[in-house]
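Each in C-alpha cells, the structures are laid out below.
Two complexes follow with subunit A in common, the first pairing it with subunit B and the second with subunit C.
Now for the complex of A and B:
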C-alpha cells in the first residue's frame, strides 16, 4: 500500500477509536445539559472515578477487564444519583456561574481524593489476551484495543439511538429538551427524567474513563484535563443532540488524531482551532437550537 | 436612596447626586491599604510572597470588572494575564527591553488589543458557548507559544530575567522590598481607575447589562459596545498584572495560560465576593495565605480544601466573605433595632 494511503488509513482508524471514546464519555453530558441547562464541570470526575474503579477491580480483586467496565459504569451511575439529588438539584435555577463553581469544586475534591488514594502516577490495567496485539482485517493489521473501542462505540450508538428515537422514555427526553415547560405541562416528570439521564450519562462517562486507561493513561488530573475536551464536544455538537454529539466527536477525534500524526509539535492546536471556527459560525453547535 | 427622593430636582440631577454620593470615599476604604503598608513593616522577609498577593489582587480586580459588574462569565481570563506576562518577558529576553514601567504600558496595550479583538467576536455569545470560546482562546494562545518554543521558551519558560532599576533609581533587593512597594503603587493607581469606572454612568450601564440585558437593549443602550469596552479594559489590567508577575518573579513559563490559572483567579474573586471592588482584596489575600500555609503541609489536602470551599461558598455564601460579613452585620443591626 502506498505510504500516503497507509497514513490516511491509520489516522482514520485511530481517529475513529478516539472519537468513540469521546462520544461515549460526552453523550451523557450533552443530554443532561440539554435537559436542564446545567453546566456540569464534574463530568470528567465521574469518568475518572470509573477509571479508578476499573483499576481497583482488575488489580486488587482480579476481576476481568470487561466485567470491570460494566461494574464501574453501574457503580458510578448509582453514586451520581446521590450527588444529583443532594447537590445538583439545588442549583437548577441558579446562574451558570454558580453551577460552574459548585461542579469545579467537586472536580477539585475528586482529584484530591484520587491523588490521596492512588497517588499522582498514571495507572495501567491488565488487558485480556484478545485485546492485546493486532488484529488482521484482511488488508492490514490494526491494534485490537482500538478495534474493540470502535465496535463497542458502534454498538452503544445503536442502542442509544434506539432508546432515544424508538422508546417512550426517549420521546419524553426529546420533548423535554425541545421545550421543558411544555413537556412538564403535558405531565412528563422532567425532574425524574433528569435523574435517570444523569445516572445513565455518568455511568457512560465511567465506562469511557475505564476505556481511557489504555488509550490515554489515567492519572488524577484526568478529571480536568479531558473535561475541556468533553465540553468542547458537547458545545460543538449542540446541547441535547445525540446526532450532534456523534458528529462533533467524529470531527474532533479525527482532526485531533490527524493533527498529532502530521504535526506533532502543534499538539492540541487543531481541536481548539476547529472549535473556535465552528462556534463562531454556529454558536449553538452543529445540531443545537439557537 | 430615601434621601434623594426628598431632595427633588430634575431626574438628571438626582441621578448625578446618587452617583456622586456612591463615589465618595468611606473611612473603611483606607483599611486594606493600611494593612498592606503595615504588612511591609511587620513581615519584611516575606515581601516576595507579598508581591505575589498584590499581583493576584490586581488580576482578581480585573476579573471583577467583567464578571462582577458586567456579568460576563469567562473561563479564559488567564489569556490576558499571560499576554501581559509574555510581553514583558519576551521584550526583556529577546529585545533587551528591560525598562519596567514602559514594559507595563506595553503589556497593557498588548493584552488590551487581544481583549478587544477576542471580545469583539466572542461577546455576542452567551452561556456554554462563551465559556468554551474563552477557554479555547487561552489554550490557543498557550499552544501558539508552545509551537514557537524557540521564541517563547516553551514550558521551560524564560528564566532569569533581569530588569532595569525602577525609574532608573531604585534597584531590586534580595527580599523584594522594592518589588512590593512597586506592586502596591501600581495596584493603587489601577484600583482608583477601576473604582472610577465602576461608579461612573458607564459602570451603572454595565450593572444594568448584568441584571437584565433585554431591558438594556430596550432602552437603547449599546450593549455590545459597552461589553467590548469593559472587556478590553479588564484585559489591559490583567495584562499589567501579568507583567508585574513576570517582573517580580524574574521568570515566566507557559503555565500562566493554564486553565488552572483562570479557575484560580475566579475562585479568589468568588471567595471574596463579586461586584464589590474589595472582594478581590479579601479573596486573593485569604486564598494566597491559606494556599501558602496548607500547600506546604500537603498539596493534596489543599486541593481538597479549595474544592470544599467552593462548594460551601456556592451553597451557603453566594456573595463571598464580604457578603457573609454584610449579612452578619445586617442580622446584628436587625436584632438591635427590635
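Now for the complex of A and C:
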C-alpha cells in the first residue's frame, strides 16, 4: 500500500477508536447537562467507579472482561440513582456554582475513597486473548482492542439513536431537552425522566471507565484527570445533543490523533486548538442552542 | 526570677552531665501524596519510613522528627510553597524527598538563601545539583541511564537507528539528550525526537508510536515519568505489534518500575533498560531490603528504584546526623559531611561525588524476562561500575555552568 494511504488509514483508525471512547464516556454528561442544565463534575467519578468495578470483577472474581463491563455499567447506573435522588435533586434549581461545588466535592471524595480501597498505584485489567495483539483485516493489521472499541462504539450509537429517535421515552427526553416547561405541561414526568437518563449516563460513564483502563490506566485521580477532556467534548458538541457529542468526539479524536502523528512536535496541542476554533465560530457547540 | 534562672542552669547542667545532649533533628519530607502521581510519593515514603523504623537506634541518643508535606503536581509551584513553609514555620533543618525535577528546580534558590540542605531522593534532571551548593542527590541524574544506554544500544542491542519519544518536561529532554549524545558518539543515527505532551496530559501514545512504527527505526528510546504513563507505553507498544515489526523498546528504567511490572504482561518482555535498581538485583543488601519491605507492606507490594533511592537517601542523612552528633543547625556542615559519603544499600555500593554532590553508582543493562515462577522479572545483561553523571563530566549545556 502506498505510504500516504497507509498513514491516512492509521490516523483514521486510531482516531476513530479514540473518538468512540470519547463518545461513550461523554454522551451521558452531555445529556444530563442538556436535560436539566445540571453541571455534573462527578461524571468522571462514575467513570472511575466503573473502572474499579471492572478491575475487582476481573482480578478478584475471575469474571470475563466483557461481562464485567456490562455489570459495571448496570451497577454504577443503579448506584447513581441513589446519588441523584438523595443529593443531586436538591440542587436542580440552584445556581451553577452550587452544583459545581457539590459535584466536584463528590469527585474528591470518590478519589479519597478509591485511594483508601485500592491504593494509589495504577491498576490494569487482564484482557481476553482475542482482545490482545492485532487483527488482520486483509490489507493490514490493526490492534484488536481498538477495533473492538470501534465496533462497540458503533453498536452503542445505533442503540442510542434508536432509543432517542424511535421510542416513546426517547421522544419524551427530546421534548424535555427542547422545552422543559412545555413537556411538564403536557404531563411528562420530567423528574423521573431525569433519574432515568442520569442512570443511563452514569452507566455509560462506567462503561467508558472500564474501557479506559487499557487505554489510559486507572488510578484514583481518574475522577478529575480526564474531566477536562469530557467537558471539551460536551462543549464542542453542544449540550444535550447526541449528534453533537458524536460529531465532537469524531472531530476531536481524529484531529488529536492526526496532529500527534503528522506534527508530533506540537504534541497534544491540537485538541485545544480545535476546541478554541469551534467555540469561536459556534459558541454553543456544533448542535447546541445559542 | 532569680530562682527560676538557677533552676534553668541546674537543668542544663544535669542534662549535659548525663551522657550527651540529645538533639532532635527536624526533617521535612516533600513527596507527592495526592493526585495522579501519589503512588510515586508512596514508593519513596515507604522506604523512608522503613529505614527510620529499622535504624532509629543508630543515631541514639539523638532523635529525628519528620514532617511530611504534599509535593503536588509535577509543576513545582506547590512544592515550593510547602517547602518554604517547612523552612520558615516548622524550622526544619534538612529537606528531603522531591520526586519531580520542577520541584527541585523551583526550590533551589530558597534552600540557598535559607542554607538548608536539600537531599534529593528522586528528581533526575542532571543540572539540578548545580543550582545550589546546598543540594545533594542520592537518586540519579537522567544521564546515569541515558548516556551509557546510547553506546550499549548501538554496540550490544544492535540499534543502528533510533527514534526518541519523551514526556515534554525537563527530565524528558535531559534523558533523550543523554541517550542521543552517547548513541551518536557510538555511531548511531537518531531518526527523530518526539515530545509527547506534558506529564499531566492523556497518556495515549498510540499516534506517536504508530508514526515511529511506520518509520521503522531499529529501536525506540522512550522516557516517561514512571507512574501511569509507564504502563501506557508498554500497552501501546504491545497493541501496535511493534516488536514484531522490528522496533525494539529501550529506555531508562522508568519504563519498567518494579511495582508496575507484573501488570504489564507479555508486551514488556524483551524491553531493555539501563538503570540502577531492580527488585531482582542480586546482592545481600537488596535481599534484606526486599524481605523487610514485604514484612512491612505485604507480599504484593514491591519496592522500586525510587524506594531504593529513598532508602539510601535516609541512610546518608542518618550517617550525617551521626557524624555531627545531631548538631545540624549549620546546613553547610551537613552537606560537607555528605560529600564523599559511601554506603551500601539495595543498589549495591553508592557514594556522593565530593565535587558535584551527585550520586556515583553502578548501572545495569537489564532485560525484562518471564521468570521460572511465571512472574515477570529482569535479567542483568551487563554492569558498569561507579558511573558518574556524564552531563557534568562532559559539561553539556547547563551542566557546565
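As a convention for this text, the second predicted complex is superposed on the first by the 285 of 290 C-alpha atoms of A that agree within 3 Å, B and C clash if a C-alpha of one lies under 4 Å from a C-alpha of the other, contacts with A are read in each partner's own complex, and residues count from 1 in each chain.
Please note the rule applied: contacts are C-beta pairs under 8 Å (C-beta built on N, C-alpha and C of every residue); 3 or more make two chains touch, one makes a residue touch a chain.
These numbers were taken from a predicted model, which means no experiment stands behind them.
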First (subunit B), second (subunit C), both or neither touched by A:10: second
Touching partner for A:32 - first (subunit B), second (subunit C), both, neither: neither
First (subunit B), second (subunit C), both or neither touched by A:40: neither
First (subunit B), second (subunit C), both or neither touched by A:87: first
Partner chain in contact with A:275 - subunit B first, subunit C second, else both or neither: first
Which of subunit B and subunit C A:58 touches, first, second, both or neither: neither
Touched partner set for A:115, first subunit B, second subunit C, both or neither: both
Which of subunit B and subunit C A:197 touches, first, second, both or neither: neither
Touching both subunit C and subunit B, counted on subunit A across the two superposed complexes: 115, 265, 267-268
Interface residues, subunit B side, partner subunit A - complex: 67, 73, 75, 121, 124-125, 127-129, 131-133, 135-137, 139-140, 143-144, 146-147, 259-260, 263, 266-267, 270, 300-304, 306-311, 313-315, 318
For the subunit A and subunit B complex, residues of the former touching the latter: 33, 37, 39, 87, 90-91, 94-98, 100-102, 104-113, 115-116, 224, 228, 231-232, 234-235, 239, 265-269, 272-273, 275-276, 279-280, 283-285
Residues of subunit A defined as touching subunit C within the complex: 3, 6-7, 10-11, 14, 18, 115, 119-124, 132-134, 141, 143-146, 214-217, 219-221, 225-226, 229, 256-262, 264-265, 267-268
Of all residues in subunit C, those that touch subunit A in their complex: 35-36, 38-39, 41-42, 168, 192, 194-198, 200-204, 206-208, 210-211, 214, 227-229, 231-232, 235, 238-241, 259-260, 263-265
